[in-house]
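Heads up, there are several structures right after this.
The same chain A turns up in both complexes below, where it pairs with chain B and then with chain C.
The block that comes next holds the complex of A and B.
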């Protein structure tokens, strides 16, 4: 890459400062022994201790992570298969219709999705709680995964599949040895996007939590009504840390996949 | 492919371990315990130690959930996906929930501690004879201000806000009934006025406040006041208490012409499955010592007369949060004015907001 001249560098720096300043401000004050965010008194870890002492908060934190992991995993599996199905659809009108339906789900407001899930679940008698939250998170993540995987699939030359078939590969082999390895970066991206969507979703989740099962976004919203306490800062700091670990993990994995094993790549 | 499968297995194992930890932390809580109640309350609105104490005393486990708006809460109760045994709506919401037949009447034979409540807070228009609800916390609407940012202004009446020296200093709350209500109060009219001439007069008076209005916003006002970015705010006593807790300079008054009296109340939604447990919970929360401890923790005013003896006298003597008889006489609880009248309020408030600038 060509070296950046000074001005664009400066611009980039300013943008990053603006993006990250609020987060660091928040995390900085999570170490404040004083009550509020107005002046910094001295360093303390008591707010972090408060998070770990509050078992209810801890249970909610774990709930949030479990739901995010499982919903991302399941929606990735379904989304990848869906994207492959869309690619191989013969009927063009049908394919476009399915794609549009998929996109509509991405742009439609979360509140509406949440409210309709609530009505659906109570109508068919699903008890609100872990299952209802998981199902709805899977549902809103699938279209995202499809959108992430589809371009990768379209990028793949159809001759690749034909060649594999000519060489005597079974349909199963084509899927597991040709298509999936080729679209792996898309799958990873879809998985991580679904993960973050699930982690921060409030609008849908609010409607479908119940029976003592709650997630962080819902909890923090109701806590914030009484003013932001430093416990929320500490909690946000922890989540930021988890996110950083996730991103680093993502890069580690995606770098690895770029190396030799992808023999089918150009 | 192998790696993807391996990754998926790792995720499943991690999830399983986390779920196990969760089950351990919950210790048979959740919906597992047979004798449990589900409480649906505002966030940060109870001392968590009291929930443990309740379980110790009665053997009833508490599943605790929180909400952040009356409307959201009612939506979930109405749909009935969760069997909430206790909820804490505000006064106007109780009226709406009662109309929709979403509440169970309280059996007073099971709530002997109801006698602890100051009669001043009972039998109010939103729930006559307290058929469905018992007060949990209460407060007023008033003026929060930061004297260090102002040169010597004092506030006793609503009219002080109109002082020409306060240009661009006042933060109003983005809510029709509160803001129009302030106009009505300053003219000496009832907060529940349905007289169009009075409402028009109040709106016109409010419009003359425009030069002093810095912003019309929601809950963010707390942070502005704490940081000293705003000097004066129309706000509820509970919110004012939060501001004062974080910034000692902030003060709060209830104007002498009168103001709004608000309530959050304990009710038993129709979805309740453990009605016995719900009554036990209400009775527990109304116990003098428990209510005192809870008020200490939450920082709002308790309607529990017996509890005042167990509290810091400095707090209970604070007339900003426990106003005297005379101020109380001027306080008014919102009545449900019906959708149509609410529309008129909203329209007038919108007119005021559009007239600004």
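The block that comes next holds the complex of A and C.
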């Protein structure tokens, strides 16, 4: 392999600096005692204190986490069942059709998902607020879970299920003792992605949230539209920290759960 | 078959989801596009979509999405290429991906400060002897921030395609006397075209429908199809017109997907060589 010469290294360095600069810029000014993101006056933690003193913001933070955890759990359950259903489909055309339908929500622009869900909820009379946000997050996370779980299921040799059945396992045993443990890495990856999708979503939530309910993204949007407040900077510092911890945690989990069987193929 | 009931239990929640949240929403969008503000069945929305206002909007939306995709590609391809040549390439790739996990709104918000009149970019311009520029609320800032947001999504598929590329093919090309440019044009580029295509797909479609970046960074100067839909649904409350624009956006989405899916030329070849 050819070694990287100076110019490409410089290029990569510039890309890294540009990608991280805005994030560190935000965090840097979160410690500014001045009011804005231009003159750094002196070091302070008051903006972090402001985040924790703002009960409204804390309620929104809890909302965001509750919606993320619940939607990730429920969408993982439905998505895993869906992936198993797709696996057992005999008809190839049918399976492809279902897979395309599954992928529609992944590629659809958020605005369309948001707008169409807004129509749907209004039609069937779901009150906009916690319920509508939760249902939407479940709905757009399910296809991700299916995509993460299906390859693991396809990796599983069908003889494994047959062997279990021959040895007298009931259908339930097959599911809980054979299939689920085998696809566990896929399930975890799906759950984790669903969680991040939910935490990160802005556009869909923006459409289906009513007046009384808000998540962090929606709140940041309305704060940012009002102008620069260093509370947002402090918030982004905290979010960056949590993100990095999550990424590390995810890699730790995905390494640990790599069963020897699953490890064979990648 | 005795496993029938169990199979139904697997299938019901997922099928219900497909019907309720994939098929019904699209059907509802199409249905609503035929109604005007007063609730009368009409084709007026489609008529007005083909009026000059909306046609201009569509063209400018495509133009911006094209620019965003082009610049993302121009910056992402070399990045992905150099990344595959680094020692710990997967670690570096992860570091490239981490910023994309930070909430999009926060990153957009950062640029309000960076491009602001008293921000670092203007401070730098002043040092260079150029007077302060109003950078926020311009086309430039909109395209720049969008490219910034989308670049990791463009790098990822291209990196994967390059990573799968068999180095023996490059050696062969060089042995046969091709120079670096010819090797790139005739060997590397065609074999990574699928990565490029999926990169274009994941950037172009969202770029057509962004609305928060246009609102926060571009003021109300840049209006994309996404901004128009948001406007019609949440501000004007004209769901009919909003749905009509959405119908066209869905149509464009399908066209782009058909174009960018293409034939899986490189992958089958890679599958063999691997």
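The rule is short, and it goes like this: the second predicted complex is superposed on the first by the 238 of 266 C-alpha atoms of A that agree within 3 Å, B and C clash if a C-alpha of one lies under 4 Å from a C-alpha of the other, contacts with A are read in each partner's own complex, and residues count from 1 in each chain.
Here, a contact is a pair of C-beta atoms (placed from the backbone, for glycine too) under 8 Å apart; a residue touches a chain by one contact, two chains touch by 3 or more.
Computed from a prediction, not measured in an experiment: that's the story for all the values here.
After superposition onto chain A, partners chain B and chain C are found to clash with each other.
In the superposed model, A:50 makes contact with neither chain B nor chain C. Of the two partner chains, both chain B and chain C are touched by A:221. In the superposition on chain A, contact of A:238 is made with neither chain B nor chain C.
With both structures placed on the common chain, the touch criterion links A:163 to neither chain B nor chain C.
Once the two complexes are laid over each other on the shared chain, residue contacts for A:105 go to chain C alone; chain B is not touched.
Residue contacts after overlaying the shared chain place A:119 against chain B and chain C alike. Contacts of A:207 after superposition on the shared chain: both chain B and chain C are touched. Once the two complexes are laid over each other on the shared chain, residue contacts for A:132 go to chain B alone; chain C is not touched. Contacts of A:20 after superposition on the shared chain: chain C is touched, whereas chain B is not. When the two complexes are overlaid, the chain among chain B and chain C that reaches more residues of chain A is C. Within chain A, the residues touching chain B in one complex and chain C in the other are 36-38, 77, 115, 118-119, 206-207, 221, 224-225, 228. Remark: chain B residues 1, 3-4, 7-8, 11-12, 14-15, 18-19, 21-22, 25-26, 29-31, 38, 42-45, 48, 63-68, 72, 75-76, 79-83, 219, 222-223, 226-228, 238-239, 242, 245-247 touch chain A in the complex.
Partner chain A is touched in their complex by these residues of chain C: 3, 6-7, 9-11, 13-15, 17-18, 20-26, 28-29, 32, 75, 78-79, 82-83, 85-86, 92, 94-96, 98-99, 101-114, 116, 118-120, 148, 151-152, 167, 201, 205-206, 208-209, 211-212, 215-216, 226, 229-230, 233-234, 239, 242-243, 246, 249-250, 253, 257. Residues of chain A touching chain C in their complex: 1-4, 8-9, 11-12, 15-16, 18-23, 25-26, 29, 36-39, 77-79, 81-82, 84-85, 88, 98, 101-102, 104-105, 107-120, 123, 139-140, 142, 146, 171-172, 196, 199-200, 202-203, 206-207, 216-217, 220-221, 224-225, 228, 232, 235-236, 239-240, 243-244, 246-247. Remark: chain A residues 35-38, 54-56, 58-59, 62-63, 65-66, 69-70, 73, 77, 115, 118-119, 121-122, 126-129, 132, 176-177, 180-181, 184, 187, 206-214, 218-219, 221-229, 253, 257 touch chain B in the complex.
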